[in-house]
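The following pair of complexes shares a single chain, chain A, combined with chain B in the former and chain C in the latter.
Now for the complex of A and B:
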């Protein structure tokens, strides 16, 4: 791949994303675009933990919900400026996550997943039961930050806001990926015991990654609250939402900068399509389940590496000596020997038959 | 809280704890043999409850008879899940990926239940559904006692199987040290597969017991899997007696709290217990060494 392909593809991608609101036919598609952008934010935020350290959290919806409810409640009770409430809510989630993270990261693997799921379930219970604070099953109404805008303009602004948030996350990801901190996190993913033995402060690193991931997820949730304007415990603190994040990140490939984004575009568009076509049936659950099963069983590294492998198989051969078959090698050696023999002017010496060469 | 009420909720708590124990036993068994957290366990429980309800509606027979079909069926499904799906996963990421795989199975069951039998709430109506009897002043529903009896019976069978049979010996050996078990000639792959099958068979029993006394709907499994996972962590992952004790203690605790706080807040007990366990004793209160690293 020539050197200019990557930046060119990036520029085309950025241009397409920025022009998206101008290209869409109607406000419905635009609102679907906002949802996909919010999925891209949450999936990327998830991969700060799930991707770098390999700790799969099925409960990131907890942070999304807390960010959303925090924003809504701060606006309702303290009458804060909406975006100030949004930032403050992210900060509050950061503080809440510290003890949760310390408890959750005391254990590895299975127990960590159990804790992450339990955290969502407990918040679901609390937000349903504590009606005076969260509005319970009646939902929580979040006033719109731009009250005098029409709906399509509102969608357009929030599309760009989500994209800006995503850009900040991707930049953070890129910086961490190249840092010592990122290398430590990846060491945890590959072999935590060895990393610890080599002096990586695994607990602090994991906690830091967890906090970054949770805060970004909460910011995405708060942004969603400002955009959508209506919160319900069942949808904000839903395990399904957490599962979407995992599915998107894994599908795209957690080791790639744009993996979760690609996954979010694929899965998010498919989910919106299913909602449009099949409405309230449970078909989207079946679809999500089958897709998740396929990803886990057949391409746990995501579509980007899987597609890359496929391209390599059908594309031109790499110039590795291992790609040459024994006959081709024999042929080449014989030709070389003949040339050598002709150049030397005599047919003496042993003719090389190539059998001594290892391909 | 007066004495009768206290005693009543204590008895109900024990009955509930029995049900929790048989449901969590399967979960702890999977973890023991494969280090797999089977998120789909509760979904299979609800599936069994739906099958019992459907069996009762179609045949008019008592839903308990549906176990003749569901228990072998679930056993086979369990063996297949382990032999066909779980073994395909890479060993290095087995724990995390198996969680996602079984999560996908849970979603699939929930979605299919919704497609086939809609999201409507279902309940088995039996001639003895409303029957009660007095037990030292406490009123106990007959269906709850049947569910408890079923749970105790199957737990006892499971215990005997684990402790008294050759297969149980092989199963415990596989749980304790897989490689060592292989060295003495145990076919651990098949033992793990059958262990999975037995775990899923307990889900069939638990689901049938649940169908007698609960209103069921497709997404109900989410409100079961949380408490069940909390129980196996508190009990010490992989230990069946520990799981049973934790199930009883938490079941009684939930039942007692319910009187004061109502059902929703009482459920948070499980999560509080889970977080306290992780803070104080991550290996669980009754379990062995297994949980320390997982």
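Now for the complex of A and C:
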């Protein structure tokens, strides 16, 4: 792949995203775009934990819901400026997540998944029961930050706000991916015990990744509250929402910067389209399932690695098998020569190479 | 020089780099695995622990590298007591642990693997220096620098692990079953490399199932059984011991047979 392809693709992608509100035919598609953008935020936020450390949390809706309710309640009770409430809510979730993370990260694998689910279920029950604080099943009404705007303009602004939040997340991801911290997290993902033996402070790093992930998820939730304006425990603290984050991230490819984003665009658009076409029946769930089945069967590593492999197949075939063989042949010959040399001149000072085994 | 030390008799009494003194350790509520274990690793020496399965060989290394805290006893590195410290402090005091089995990060490049070995270092110039050193000691590591470690052969992966452990310029390298899963020829190469690590100035505490082969490489040997050292001495003497051979090494000594 030539060097200009990647930046060019990035520029086209950015342009398409920024022009999206101008290109859409009506406000309905625009609102679907806002939903997809919010999905992209949550999937990317999830991936700070799930992608970097390999800890699969099915309960990230907990942070989404806390961010959303926190924002709404701060505006309602303290009459804070909406975006100040949003930031403060993210900060509160960050603080709450510290003890939660310390407790949850004592376990690994399937146990961690269960702990993450139980946390969201606890919050669901609490928010339903504590009607005086959360509005319970009646829902919580969040006043709009831009009360005088018409709907399409409202959608447009929030589309850009979600995109800006996403950009911050992607930038954070990019920085972490190149850092010592990122290298440590990837080592944890591959094998926690080995990472520990090499001196990676695994416990602290996992907690840090969890806090980053939770806070970004909460900010996405708070943004959603400001946009949608109406919160219900069943939808905010929903296992399904957490599962969507996992599916989108895995589908796009968790190890790639844009993986969760691509996954969110694919799954989110499909969800919205299926709802539009088959929304009056349960058929939309069937189509969603078929889509996921196809991806899991044919692109197990996600869409981005699959697309990359396809590009390589049609691209120039300059790295042929022959080249690799020649290299290995050379190495074998050199190793053999060195062995001979070492055998002939033992004690000649040059230690035998020892790398002579054939791969 | 190294070959003279092989019999263990010409070595002057130097302060050992690693001492485990009367260590008791175990997992959870289960019975103690180590019961009063003591072992010493002198400078520029390969010390080999042999013994039956379950004798506690790997546990010794885990205690030394801080992965397992001892219940009783002391761990002393180069004169300073480091008992009860975690893996990071142990690395800083100069103990590097190469875990059992294939312990490279398969989905990372050789470069990323080796650099993870320097995780506790922060000085970039120092890291570059160590990279040059390990690439010279293990040429294959330099040749495969940008490749995924999982694509290398078993013996090559072992070299990556050795290189990774040498990044911190450790006083003692702890090797857990380096020959595991390798064919005889590659095993021979691996043992040769252990000798090279020693000659390059690093002491080695080695745990091996492949006991006879390991003792042939080692300078000193310790026979472990039921959580403590039963017999220790120059490796060559242990190899020659008739009774020991029958009890622990599976058969008669090779040289006298």
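To be clear about the criterion, the second predicted complex is superposed on the first by the 292 of 359 C-alpha atoms of A that agree within 3 Å, B and C clash if a C-alpha of one lies under 4 Å from a C-alpha of the other, contacts with A are read in each partner's own complex, and residues count from 1 in each chain.
One rule holds for everything that comes next: contacts are C-beta pairs under 8 Å (C-beta built on N, C-alpha and C of every residue); 3 or more make two chains touch, one makes a residue touch a chain.
A quick note: this is a predicted structure, and the numbers were derived from the prediction, not measured.
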Touching partner for A:331 - first (chain B), second (chain C), both, neither: second
Chain B versus chain C as contact partner of A:186, first or second or both or neither: second
Which of chain B and chain C A:196 touches, first, second, both or neither: second
Partner with the higher number of touched chain A residues, chain C or chain B: B
Touching partner for A:290 - first (chain B), second (chain C), both, neither: first
First, second, both or neither for A:143, with chain B first and chain C second: neither
Touching partner for A:13 - first (chain B), second (chain C), both, neither: neither
Contacts of A:126 with chain B and chain C, given as first, second, both or neither: first
Residue ranges of chain B in contact with chain A within the complex: 31, 35-37, 39, 85, 88-90, 93, 95-97, 99-101, 103-108, 110-115, 119, 218, 222-223, 225-226, 229-230, 233, 237, 262, 264-265, 267-268, 270-271, 274-275, 278-279, 282, 291, 293-294
Chain A contact footprint on chain C (complex, rising order): 65, 67, 87-88, 91-92, 97, 99, 103, 105-108, 112, 115-117, 119-120, 138-140, 143, 152-153, 155-156, 159, 164, 185-186, 189, 192-193, 196, 199
Touching residues on chain A, where the partner in the complex is chain B: 54-56, 58, 103-104, 106-111, 113-115, 117-119, 121-122, 125-126, 128-129, 239-240, 243, 246, 250, 281-286, 288-290, 292-293, 296-297, 300
Touching residues on chain A, where the partner in the complex is chain C: 180, 183-184, 186-187, 190-191, 193-201, 331, 351-359
